[in-house]
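Paired with subunit B in one complex and with subunit C in the other, subunit A is shared by the two complexes that follow.
Right, the complex of A and B next:
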């Protein structure tokens, strides 16, 4: 009986490990392949070297696409934070009917396929000279990250004790003071988590960017995607991707440890 | 109060709602001799083209089949991992959660890149198979449906693992203890209590993965190498390469209808279940 129990536990752990290895296989291949000394993909590496990291450090084209991605993601996240904090407050305090409708609208970008939304924007903005502009790309990315911010900020507002605001006001604080010195500090952990999350979603976004970004403003995912389609796998791209994965990993560990943020996925 | 909502609502109106209705509008426009003809009456031409040409019937059938297959494989693979994670605690649990969400957060482009290398003719998988003397000549994975299924299963696996894990965690321990006291063995406890109670999570994950596969573009585009077309890649091709905008709009709408059917079927089933329970 006991033996059977041990056996089933062992089999379960084994199955879990096999699935986990499958799940992480591409990431492991990217990391391992980035240390290959040859000019082609090989995992495990044929020869070990860091030459692709050296090459990556001085490749203008890729570095500028990385800079573009960082710029879009940070500007879009910042704007989304500024728009989402008041909107989330309104959603918590507003009438049930309006807020449940607006919440659905704000969550919609998660559910509408990016390919459909992308085509919609391409068709609508396609003939105008707005298409290809930095402003349009940022506006689209603001919409893209908003569902995550609304969800995370909303859940920290759900836990927020609004009698604290009443207390501040009855003690003579203006609404602005109340917001800046009571509400905002208490919801700021949620805002930070939502912002970091949104930033990473925006940074790795491919499809809508493919449809509306200008050819002179290539983001990193778009550049990598186009290269893979035309030239195949470039080992230098593995080096950049490894750095990105490591950064994401570090942030995820902090996010999971401090905010248990995997819950925002399901 | 509505003033606080207004800026964000306005942005969504311009960037999200108007483009959507413009897409719907475009799908009824006339397309002749390589361009959209304005001023023509609305037509169902693009929709008819889709349903008359057997090529697109094959594409839609393939997309549905690959999505279904991916979702089924995802379920089978996710369950043991979710079960293991539901029981894990402390640091192990944190590490597992980080690792499971890593593919989601690092983005589908990185995942596809990895598979591209692993599945290439001289890639890791072929090398292993050759070393084991299972094959002589490399298998061409890239450009086939199997490569797409592998990529889709891996990319969307987290969407299946997390809901199953969540539901397994809330199954009350005392129910299982009661069953044990009444003499149920491990297998009986699993198949008659844990598994039936976890079906809600499996269903939620299944719908999520199936829908994500139907709408996918990046994975089929790279791992299919342009040889295997699905709805997503056809939409892109029509819009960005052939510039048949009404047609790309019509296919987008058909994809949305498929997703809507999926959503309605799910909610009907959930309602019936709730009604039965009550």
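Right, the complex of A and C next:
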């Protein structure tokens, strides 16, 4: 028995290490590669330097596409947040029949392959002059991001005690005051997590954006992707990626420390 | 304390969810400053009544009147009816003080008065030291007092208590029950308490309304209900252990109880004036007398199935003609499980119900002692 226990523990540890390496290796390669002093990708770096960070900081094209991505992601997330709160409330409070149908509709963008969305968007908007516009991009990302937000906000509403709303109303609060002073503050951790999550999805979205983005409004993933196809991997991209990894890491650590974000994904 | 109090009336209230009628023609008057307990099994409609009064539900037939004014169409947030919820429903992101102040802010009470009223409400419930704490830092009993303070602060016209003690442990429940009742008296606030616990209803309610199946089965003072139940449901629902129901069959001069002939129907006294037919005779466990040997008077032969010694009293469970009964006695007897026994029924305190309708056809006059 004891030996068996040891063995199973050992195998579990081994499996955990393998998965961890598998998950982390690419990220470590990216971070290591970004400090390579040569003009090509190499990990571990042949020579060490921060030249790619200097290049990244002064590359107009990349910086502007990065700004585009941040802009699209921020606006799309903001719109999504505004949409997802009433939607998730309706899903929790509405009649069972209607909500189970609406849930499927809201979740459709998650299950439908992005390529189908992309082609569809192209067919629909390709001939119009909205194609490639900022507005269309935002609209597409809102569609993509909202289901995730509804899920995360919905899961925090599942934990919400709706008796608190009755309590607020019996104490004289109007429905609007009840929402602003009781419901919203209590589900806000879920909303914040959903927003961060949605922002990341929008920020890194490639496929749909490829179909509908125009040349005058290129997002960061689209630029990196098309550049790689024509010129190969530019170590400068690794520098950007490293910065993004660090930012995401910092935000996640703060989120976990302050509000136990992991509970929204269990 | 003890401001002006209000009278609450429910007139012909009916309420249906789709095809399911949960309340059927409920009439109830809660006098000003009175505490009425709505007692009934789950699904009897008592919570629906509470939610209708609070205004959380609408679409009922009939009228809800507060001091004679119809409040049916007044939205819940303008009714000024305070509710203490089963789980207290304190706002977890606010301190105790902020919780109590919430209602005052909603009622646009100026800040200075707000502070004074929060302080007053917290001192009424004995929590003046706890204002800065958050609800989760308080015990269950304290949380409940915060919930009451919220109601006190807004000077609610009516207080509704929804199963207020069910989240407390047994020992605390007794203590809080007394405190709650004292507080309600002191505040002189018209109160409706919903409970499925008869002890709670008996001890806290000035009057009790027993609900079953969407109907008020009986409304009255606790001991009235206990001693003069209007029907079999009320008789069976109140009292632990439950009342004993004996089959009473009367046919001319021949009267039988549980298929045992009553040798001298004169013993039954007033019972003998009943028309022929089948009845249920309701006798409380404390109105049964244990006998080791049968005597001349009517006594029921039985087998003792279980004896429970509870210290101050003893419960003797027995069966007679395949039906189970219980006797409660304050004497310490040497009764043993499995033995034969005989029981006297105290006819003077028995109620009689029509077997078909379940309605009470006879109940003893109210005891001068109660």
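We adopt the following convention: the second predicted complex is superposed on the first by the 237 of 266 C-alpha atoms of A that agree within 3 Å, B and C clash if a C-alpha of one lies under 4 Å from a C-alpha of the other, contacts with A are read in each partner's own complex, and residues count from 1 in each chain.
Just so it is clear, a contact is a pair of C-beta atoms (placed from the backbone, for glycine too) under 8 Å apart; a residue touches a chain by one contact, two chains touch by 3 or more.
Remember, predicted model here, so these are calculated numbers, not experimental data.
Between subunit B and subunit C, positioned on subunit A by superposition, is the outcome a clash or a fit?
Here subunit B and subunit C can both sit on subunit A without a clash.
Under the stated touch criterion, name the partner, subunit B or subunit C, that contacts more residues in subunit A.
Of the two chains, more subunit A residues are contacted by B.
Contact-wise, after the overlay, does A:55 reach subunit B, subunit C, both or neither (first, second, both, neither)?
Neither partner.
Based on the superposed arrangement, let me know which partner A:122 touches: subunit B (first), subunit C (second), both, or neither?
In the superposed model, A:122 contacts subunit B only, not subunit C.
Per the contact definition in the header, classify A:241: touching subunit B only (first), subunit C only (second), both, or neither.
Touch status of A:241: first partner only.
In the superposed arrangement, does A:107 touch subunit B (first), subunit C (second), both or neither?
Neither: A:107 stays clear of subunit B and subunit C.
Look at A:182 in the shared chain and tell me whether it touches subunit B only, subunit C only, both, or neither; answer first, second, both or neither.
After superposing on A, A:182 lies in contact with subunit C but is clear of subunit B.
What is the angle, as a multiple of 10 degrees, that the CA centres of subunit B and subunit C span when seen from the CA centre of subunit A?
100
Is A:172 touching anything from subunit B or subunit C once the two structures are fitted on A? First, second, both or neither.
second
With the two structures placed on a shared chain A, what shortest C-alpha distance in Å links subunit B and subunit C?
16
In the complex formed with subunit A, which residues of subunit B make contact?
1-2, 4-5, 7-9, 11-12, 14-20, 22-23, 26, 77-78, 80-81, 83-85, 94, 96-118, 120, 122-124, 154, 157-159, 162-163, 166, 186, 204, 208, 211, 214-215, 217-218, 221-222, 226, 232, 235-236, 239-240, 245, 248-249, 252, 255-256, 259
Which positions of subunit A touch subunit C when the two form their complex?
Touch list, subunit A to subunit C: 161, 163-164, 166-175, 177, 181-182, 185-186.
Inside the complex, what are the residues of subunit A that reach subunit B?
Within the complex, subunit A touches subunit B at residues 4-5, 8, 12-13, 15-16, 19-20, 22-30, 33, 40-44, 83-84, 86-87, 89-91, 93-94, 98, 102, 105-106, 108-109, 111-117, 119-126, 139-140, 142-143, 146, 197, 200-201, 203-207, 210-211, 221, 224-225, 228-229, 232-233, 237-238, 241, 244-245, 248-249, 252-253, 256-257, 260, 262, 265-266.
Quick check: in the complex, which residue numbers of subunit C touch subunit A?
Answer in residue numbers: 54-56, 76-83, 85, 87, 89-93, 102-103, 106-107, 150, 154.
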